[in-house]
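The same chain A turns up in both complexes below, where it pairs with chain B and then with chain C.
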Partner chain A sequence: MAIGESQLDSDGPSTDVDAQFGWRYTFGKVMQDTTARWGLYVVAVVLFISAYTLIDSNLSRLTFGAVSDFAAAEALPLFEHPERIPPPGEIESNVPPAFHPDGTLSHPLGTDPDGRDYFTRIVYGAQVSVSVGIVSTLIGFVGGTIIGAVSGYYGGWVDDVLMRIVETVYAIPPLILIIVFIVFVSGGTPDIRYAIVGVGITFIPIFARIIRSEVLSVREMDYIEAARASGVKNRDIILRHVIPNSFAPVLVYATLQIGVTILVVAGLSFLGFGAQPPTPDWGQMLNVSHGYMHSNVWLSIWPGIAILVTIMGFNLFGDGLQDALDPRIND
Partner chain B sequence: MGLLRYTIVRLIQAIPVLIGITVITFILANVAPGDPVRLMLQGQEVDQELIDRIERQYGLDRPLHERYVAYMTNLLQGDLGYSIHRDRPVTELIIQRSGPTLMLVLSAYAFALATAIPLGILAATRRNEPADHVSRIVALVGVSTPSFWIGIMLILIFAIQLGVLPSSGLVYPWWGPEHYGYSGYVELLFQTIRHLLLPMIALGTLQMATLMRVERTQMIESLQGEYVKLARAYGVPERTILRKHAFQVAQLPIITIVGLNLSTALGGAVLIEYVFNINGLGRLLLEAIIGLDYQLIMGITVVIGTMFVVGVIITDISYAYVDPRVTYGDRD
Partner chain C sequence: MAEPLLRVDNLKTQFFTDAGTVRAVDGISFEVHEGEIVGLVGESGAGKSVASMSLLRLVESPGEIVGGEITYRGETIFGLEEGPDGELRERDDMLSNEEMRDRIRGNEIAVIFQDPMESLNPVFTVGGQLREFIELNRGLGEDEAREESVEMLREVGIPDPAERYHEYPHQFSGGMRQRVLIAMALACEPNLIIADEPTTALDVTVEGQILELVDDLQAKYGTSFIWVTHDMGVVAEICDRVNVMYLGEIIEQAPVDELFHDTKHPYTTALLNSMPRPDRTVEELEPIRGVMPEAINPPSGCRFHPRCPDAREVCKRVHPGNEVVDRADGTPHRAACVKHDVFDVGYDESVPLEEEPQVTAGTPGGEDR
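== the complex of A and B ==
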């Protein structure tokens, strides 16, 4: 075993250098691709906004206690409080956006029916969409990687059973499975946490399938044979050799999947199964604005554009990453 | 192996998946925290005797596996349970609401295929020209835009601003012109299309975008095939090559994608039915959820899952029928 380990270790450093070079090379290729670069910029901006608002709202919470304490609202440096409904008379409700003759520059995108600044709510909406998108994708990614790797590595009945389960989950349209999951598990009181877990679990099969097909070829490699011959435990082989070597395609897929996840979560929130009011969330804002389609057109426009731009950013970046990692697709 | 045997094999292979769908739905419905009966009654003041009676009526006092066997026995006889809120059998409700959903999903596919195939071919034959770039942008926006928001925008533009198309509901041609007070079948057809147009585009855009990109890639690959080179060498006109040689081969993967995407389309139908007030399965599901109508929620999930499985089988069979190279009976 000692010999086997040291052999593998002596292989280690050189592949590490390769891998580092590989990552830098990949990043360079992504940056060369104009559309992918723009995708990365959008992703970076959205991530920055989410991080900023997250710190912002939590700082005021830490300093001033609960968010429901509306005295804290004044502590937010750049924005108004996204959830605070101003008392009547303070801010007009349903103010149109700034370019409209009745609009004001202090509310560039207007105010919502409760008199809250719409721009602030759109900005804060990024936080929910992005964090939910990333956390859910991570759940699907980790769960799928484990199931796919175990299934592909062991083969036989383990593979059969796991893949039948995966196929079955796959057979129920994701949105419907997630809704049913949220309703039954939450006992009829939906909440964003159930949505995150539900979306994550539903996407496990997709990731499991991709990593399994990678593992099927990695499994036959000489270094796996060598590790097995030198007595390395199956669990260690999976964790240290199989998974790291089947990683790249799943990572690309995960980037593209974040876009899909944000899309699904927006749909869930739109139907009322995601973030609950007063949390600012794009999908949920579209649900509210649905009732004002005749009078306040702009309420339906901005959240949709925010969703569109965010998802487009992730998709462009993911496409670029895919092209950079897989030269066969280049045309 | 013949096509008929292949069909039978595919149907048999689907049985474990169909059973799996019922198991998943059943488990989800029964791991729910809290007492389902109390949840259904939603906090109304009722005495214990009534709760016991409802529990007995639904067999909730028996162990889980017994309940599952009972559920499956009924399901195999076409009985999906009973909706207390609507006081009607679940099967009857689902059959009634399936028509609009199927009409919506199928028309969305018709729209997607009718636009994606010509645009995909155009992009493939004019690679890196403006037409290709436009198709790339359309595809990118198509996969990045929530279908329900497209629906909302379409309503804002065509129903509210221009006032040319209706913003809600569908006309069901199977009810006949008399039901709607239309003058005849021509008007019925016209009204059906008029009502279907916006929801169809909203639901079909995502499918269109994905199919268009696949069509483009397939056509590019197909145009580089040996058979195309041979045809060119023989002096076959480019139009004929496109239509007869390259096109037919390129369509095969499209069939598979259509089958797999049915899953997103059926899920998207829930959103589109909500936006456009269409009385289909998706809205029935949302209504059932508001009333926590357990048996109805389970029934709809099982039926939609089955629709997807059947759809995939149909596309698999048509793939095998179209492509002579397919060796029937290959798994995966």
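== the complex of A and C ==
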């Protein structure tokens, strides 16, 4: 920890030390870093869009009542409906984007082969990607933290057994593992939910290993010994003392992992194991559009850019957070 | 004398490492009576900390208590018996792990650790940790426990306890943190506190304050202490009776005045002589020859003989127990040195050992072996 000796020696509360460890300080540190700041902006925009579309679609649910009506509705309160295919006579498929000579301003990014507005679908795709990224990462994070903390704290045979299992899972290429998982669990009808859980589970080993290595040093601290000597249960020691003190590196890793998760799930959707049509998911949109690469390249470019920018955003932010929390750089 | 609060009988704790068995604690016996401060003194590596952790059955793998008996107020903390198959097994009346955790640790026997910098969880407020500890061990509600914590902080001399309750450990100085740890140890009004070098990490002025505080609190609550230290000055200041440890054994055991004024073991003498004093210069200081051998392969006979100025040939052969060599006011003064008549192994006729065999780290015993 980056506490100066002089601060340790002073008797009164030291505001410098407060500043160095508070959330506000970390946030300020991230904002000072140009790339991290832009990462944060992107993350904020993507999160805002997701929240916005979530409200949008739920408003329509309130307006139109039952879910089946929602799917049949022509438009959401604020947007065109991202999943609704226009009636046969009205289809304007593969309209190029607005800046193209053949484009129209009513479809700024053009339309897809089924005649749906591509801008709406890209915007709605953010919701899927963000929820996938966060939920999957959360599964890996929680599962990994529990396994890693238990494994590192108890050591001995508990550690051996848990870590051998974790390493076995770790050794299998993740994509193959996820696909096998989805095929088994879904029983032949893949769905985005299976992809989310599958990806989450395959990330458990990485989180478990990171937190375990932290725990190995934390468990030797005197306050753990002190807790044991004052009769605290092992479970409480793990929850109250071990995990909170081993948390920081995993938290940083989790922000970086969100980007990876989005990419992996987009890849799964592209392969047909993730989101299914007509869900507006970027990976799934790439899957559909790659057949039109020669006739309408825009169909592939927009979701590609969306994925790229989102992942970049999360990664840059995660990098910045890592630097901000690293005491060696803080000096 | 009344039944002691804590009785340790022939306690043995060993560590089973790849390099061999380390006999960290090798058959120590001592008692702690109500309201008394008992010192456990020795150089680094003498086994003091392992001994004190053994009392709470908190020895971590590969360490293990392999023998002896620990009795606390008539309850067996550790005890072995011979099973029907001839193997030693834990006695039925030994407290279970759950009983140790829920009843003994914290409630009956508390520990104050050496390093106050490291003994508080850095991510929670000082008050929160104290409150949680009180809630847990005394079954008080949150509000009551909070009031009690503030009261305890005041008791150990922390100014503005209500304010500082909400502060984090890094906002406290070393001395203040040690006060917090003392408050935590006292919070459940235990009958025995094991203080594992609690003032070693502090500077002398703060050390003085802490010792004074402990003295006051001890008088007020009547708590017994086991005071683990390597500092003879602290021992003289605070302890009623002293156990001197060398290489896993207690080699002298006496009331504090007897120990200082009528020292019976050459090691204790050497310890006292190696203490810096204002009336002597560095040149006059007599450090103990060599370093303590490793407990993995202790010297034959008396374990101190390679470093002992009084060593004779017989010391290499005879391993002395800790026998009563004197009595002062009915209290036995024990020492494990064959030069005393009780042993009668022919020390006086034995040839003095050459000064030569200097001990170096890693080769315990030198050419004697």
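Simple rule for what comes next: the second predicted complex is superposed on the first by the 295 of 331 C-alpha atoms of A that agree within 3 Å, B and C clash if a C-alpha of one lies under 4 Å from a C-alpha of the other, contacts with A are read in each partner's own complex, and residues count from 1 in each chain.
To be clear about the criterion, a residue touches a chain if its C-beta (ideal position, glycine included) is under 8 Å from a C-beta of that chain, and two chains touch if they have at least 3 such contacts.
Nothing here was measured: the structure is a model prediction, and the numbers come from that model.
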Which superposed partner A:L308 touches (first chain B, second chain C, both, neither): first
Partner chain(s) touched by A:L177 [first = chain B, second = chain C, both, neither]: first
Touched partner set for A:G231, first chain B, second chain C, both or neither: second
Chain B versus chain C, judged by how many residues of chain A each one touches: B
Which superposed partner A:G200 touches (first chain B, second chain C, both, neither): neither
Chain B versus chain C as contact partner of A:L286, first or second or both or neither: first
Partner chain in contact with A:P97 - chain B first, chain C second, else both or neither: neither
Touching partner for A:T168 - first (chain B), second (chain C), both, neither: first
Chain B versus chain C as contact partner of A:Y223, first or second or both or neither: second
Chain C-contacting residues of chain A that also contact chain B: none
Chain B to chain A touching residues, read off their complex: 16-18, 20-21, 23-25, 28-29, 31-34, 39, 127, 140-141, 143-149, 152-153, 155-156, 160, 217, 220, 263-264, 266-268, 270-271, 274-275, 285-286, 289, 292, 297, 300-301, 304-305, 308-309
For the chain A and chain C complex, residues of the former touching the latter: 1, 3, 7-11, 13-14, 17-18, 21, 155-156, 221-223, 225-233, 236, 240-241, 244-245
Parts of chain C lying in touch with chain A, wherever the complex brings them together: 53, 56, 58, 61, 100-107, 110-111, 113-115, 117-124, 132-133, 136-137, 164, 167, 170-171, 173-174, 176, 181, 184
Complex contacts: residues of chain A adjacent to chain B: 164-165, 167-177, 179-181, 183-185, 187-188, 259, 263, 266-267, 270-271, 283, 286, 290, 293-294, 297, 300-301, 303-304, 307-308, 311-312, 315-316, 331
